[in-house]
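Two complexes are shown next, each including chain A; its partner changes from chain B in the first to chain C in the second.
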Partner chain A sequence: MELQLGLAEALTANEKVVVLGEDLVDPYGGAFKVTKGLSTRFPGRVISTPICEGGFTGVAVGMALRGFRPVVEIMFGDFLTLCADQIVNHMTKFPGMFNGQVKVPLVIRTPMGGGRGYGATHSQSLEKMFLGLPGIKVVAPSHVHAAGDILQYAILADDDPVLFIENKLLYPLDRYAHVLMEQSAEIPGYPTVALRNFGSGQPDVIVISYGGLSRELVPLLEKLRSDELNVTAVFPSSLWPVPIKTLVRYGAQCGRLVICEEGTTGFNWGSEVAVLLYDALRGNLLAPITRLAAASQVIPAARQLEMEVLVTAGKIENAIWELMS
Partner chain B sequence: MTTVVRMPSLNANEDQAVIVDWRIDDGAPVNRGEEVCIVETTKVTYEVVAEADGFLRHLVEIGQVVKNNQSIAMITATPDEDYAVLLASLEKTESVTTDRRWTKKAELVAKKLGVDMSILAAKFPDRVITEADVLASNKPVFEGRDLVEDAYPGLRPQRILLIGAGAGGGFVTLDVISRVQHQRAVGILDNNVALHGKTMMGVPILGPNSMAAEFWEKRVFDAAIICITANIADRAAIFEDMRAKGIRFANVIDPSTIVKNYVSMGEGNLIMGNGYLAPSCVLGDNNFLASHVCIEHHTKVGSHCTFGPRSTTAGAVTIGDRVKFGMGVLVEPYLAIGDNCLIPSGCVLTNNIPPNSVVKMQFSQTIKARD
Partner chain C sequence: MLTSVSNRQELLRNFFHEMFRIRVVEETLLNLFAHGAIGGTVHTCLGQEAVAVGVTSALNREMDIICSNHRGHGHFLAYCRDDRGLIAEILGQSAGVCGGIGGSQHLQKKNFYSNGILGGMAPVAVGMAYAEKLKGSGAVVVQFMGDGAMAEGAVYEALNMASLWGLPIMFAVENNQYAQSTHWSAQHSGALEQRSEAFGVPVSDIDGNDVEGVYDTARRLIREIRSQCAPRLLFMRTYRLGPHSKGDDLRDPQELDYHLQQEPLYRLRKNLDPSWVTDVERQVRQEVAMLVDDLRRS
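Right, the complex of A and B next:
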């Protein structure tokens, strides 16, 4: 498990690193087992907290101000609302309010996404609520990224607060690596990975996505290869700031773009990325950019209904063929 | 009526469960609502209940791990009812394989190009049709034009056979044909044996004039043109002979000659460059008009006549057959010229000419040495 290794290496590399969150300590090891074994290996530095997201996030902000490099685990991303005050009004404000004399090197890790039948309040992708917020980075690796390395960078090397979005469905997956994959580092520490399903030639379509949708897109690319469609899927690990130069570079390779994300439609990541791309690719687009996001409604618990609301490989495939025809 | 008992989905985190115990033996009667078996996930044990009356037929054994929604038992109407067909159909729907005949990209390209995929699929029954197949099938097909055995040439150029073309007349005729799109010279016939087997402007001299009938039979050409300009008797004789054999003749007209409205002409007329055929003039068959010849409006020309360069008729002149005009002849309006006349160069005709006449000019031309 990449994330567990990344955490372990960060804890090893710098003794100022601490991990706070609910149910982290062995034998439970966290709701998704990311911290399993770490409280045993690093006694006193992996701390189970009371059920009080606002409280322990605030504690972490204080520790960061005093020289620690804390990592906060929020059990479900849906609960970010409970520590939103600490994020919006405190950790992102202090460096500016104190004229750069303090730093808040803090990482909030939290799982997002549906597809597991967890229902309306444990399945959302709420990262869009924090996109565009000054003073924070929002990072969401896919399983094509070295997520552990990115987490390590966020903990050890990034002096800004980082909201680190994980995806529930990616936890059991091994990192996907392929020879037709390339990485660009427009934003230091948070690479954008592009995966293509063709050896040579030009792409027919560029798909821009992030996070858990890599799980849908990797097999979809394979399927589209058998239908002779050249597709490059581009996965930024940094949602905010947007690695726009990299996205423009890929977008310019062909004038057909699909942007898809798991969060709900309306004032979402894809909207901003599309506008930036329209600005940069004026006149080079063969068709309007297609955007896919979850339906603007509550996520049902029943698996089949849930799939109707969320973005799936089938929906992405349909959008791609529609764009092609 | 056979009812399928399936593994229920019990836990959002697990897609399978274990059969812990059968409460009804294999083949034993079961009532609706009765407990059939106990299944277990990591979090609960659960009693699966019969949804119909009948006899329970086990499909799995105790201890077996079964995926959610997979069939674990059948409830049949009789203890020995055969459920093999139903079971096979269930398994079939669980592993549906689609037999693809073409890739989606191929389908998309075919749609854009108007290629019929079903025809392509029939052509390559053993494999999936690719984009490359569609593109290859869409290439325009070129067939040897001369292999087409049609009486109606349609879109292809008219194939012209040149008769008596071994001299200057042949050369200027080839030049005219080289300037038009709708005709193409395919061969030359000439009675001069020394020329046979040679080419003129790239066109082969195939043999004597008498071979025309054979080539016509073989459909080697679509129409003939006679290029003899000096001897009207030969020109007329060859024309009549060939036409009697059914050979068609072409009108070969240099594109720099202007042909106005309501001009009518027969066939076999050979007309050189910079000529002018005025509205409503009429030409018969097998006439030769050298360069800069002007036939004015409402003038009627018979057949087998030859006009030297710059000969001009005024309006409404009537000319018979086999009349030979020299160079630069001028004919006043409304005159009539009979058959078989010979008009010398530089002549200005002011009177009607009866048939079989030769016009003689009174020259007073003195040539002396310069001072």
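Right, the complex of A and C next:
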């Protein structure tokens, strides 16, 4: 697994890297097995904690203030609410309010997303709660990214706190690579990857998305290729800050844009990105920007009901054809 | 104690000097606030100076670490004696310890860190202790908190982890009896002072207005923590003489009168030469007044 390799390489590269979270130690190796084998390879540096997300996030903050580069695993992203005080009032405040005299180099890794029937409190995409918060980066690689490299960069090279969003459905997937893929580095360490379903010519539609929706979009692009619709899917790995120059550059290639995300609709990532794009592309849009997000309701446990609430390839395809008509 | 009588007397004089300086700085800040020279809020530690000075004097200031709270001026001054940096910070000046950005509740200098979220620093302090243990530095972390913070869940997560992992940390609880306006008996059930025992963190329950006792106990606990790499909790009974912040005091004047006879400076004065005390008090008042004049002119 890419993420596991990234963690192992970070632990090897810098002895100040430590990993904390629930049930991380072997033989269990974490609820989603990302840390499997690491406690054996790096004794004493992969630490299983009690079930107190706020508490051990605070522990990581203290370790970061005293020279370590901790990685925190929060078992389900839904539990980030329990860490909110440490994120909002501690780790992101110290560097600024102490006038730059301290650093808090720390990564919180956590899986978000539905599609596995876990129900309302274990399926959410809550990253929008932390988007726009000063002093933190929110990063969410998709499976077209080298997620392990991005994780390594966040751990070893970024001196700011990073909220690193993983997606449950991407864990078993291999990284997707294709010749029609290009990468841009507006935000150092956190590349944006664009994937085309056409060789030459202009795109008919640009889809901007992130994280687990790459799992829906990669096969959708393939399907739309057979329908002879030119689509470019753009996946920033950095949600906050937004790599807006890159998104504007792609947006300017055609006047039809779809922004889709897995979290619920309303005050979300797509709202902010759409406003930034409207500001930059004023007059160059052929149609209003289409935004797709999960319905504003709880995520049902029953699989068929869950799919009604979440964004799927089918819903994205419908939105694209509607935009084309 | 092995300390000789004359050394003890010298120690008490030093304690008095430091405690009185904290008292005067706090009174000066309240005065500046009343005159509109500072904004926001100030939480003073009037009456709790023995805690700050007694505990901090038991530390190795070069390597030990202090995590403090919203009522942290005394802890800060006892740690680094930088009254200029503190007052400038609260006056909002760039010469302040955090360039005026932090303000009263957010102070950082060397190994001193404070924050204004009650109980929030407890797990952070545990993390610092973990870091120092992994480094093998021998440093001890002191986490100051009040009876009010003892109602926050983060504190119990912190106690659990500190004990579970055997970390070099002393929880220094100042029971000043009031959480803002609420008496501690109206916000805590059971025996507040015994709670940490359930986590395997031994408690020393002492009179927090007796600076000598605070110092001696803190020294013993710090020695134990350093040698055994295990947490301790020092529970100090004291009393907040001042309001929570500024003019928000609705307590019975008779209650305050009683505590004026119990407060640490009043008690310590009785053990010192009155003419020495008069001289020191005059000198400190003068120094702080000059410092404030100097800062306000700049």
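One rule holds for everything that comes next: the second predicted complex is superposed on the first by the 325 of 325 C-alpha atoms of A that agree within 3 Å, B and C clash if a C-alpha of one lies under 4 Å from a C-alpha of the other, contacts with A are read in each partner's own complex, and residues count from 1 in each chain.
Basically, contacts are C-beta pairs under 8 Å (C-beta built on N, C-alpha and C of every residue); 3 or more make two chains touch, one makes a residue touch a chain.
Everything numeric here is computed off the predicted structure, so don't read it as measured data.
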item	value
Fit or clash - chain C, chain B, common chain A	fit
Touch count on chain A, higher of chain B and chain C	C
Which superposed partner A:Ala60 touches (first chain B, second chain C, both, neither)	second
Chain B versus chain C as contact partner of A:Ser200, first or second or both or neither	neither
Touched partner set for A:Gln304, first chain B, second chain C, both or neither	neither
Touching partner for A:Gln101 - first (chain B), second (chain C), both, neither	second
Contacts of A:Glu228 with chain B and chain C, given as first, second, both or neither	first
Which superposed partner A:Gln86 touches (first chain B, second chain C, both, neither)	second
Once both complexes are placed on the shared chain, angle at chain A toward chain B and chain C, C-alpha, multiple of 10 degrees	150
Lowest C-alpha to C-alpha distance for chain C against chain B (Å)	31
Intersection of the chain A residues that touch chain B with those that touch chain C	none
Chain A-facing residues of chain C, complex	65, 98-99, 101-102, 106, 108-109, 113, 115, 117, 120-132, 134-135, 153-154, 157-158, 160-161, 164
List of chain A residues in touch with chain B within their complex	116-118, 204, 224, 226-229, 301, 303, 321, 324-325
In the complex with chain C, residue positions of chain A that touch it	18, 44, 49-50, 52, 54-68, 70, 85-86, 89-90, 93-94, 96-99, 101-102
Complex contacts: residues of chain B adjacent to chain A	9, 12-13, 103-106, 108, 111, 130-131
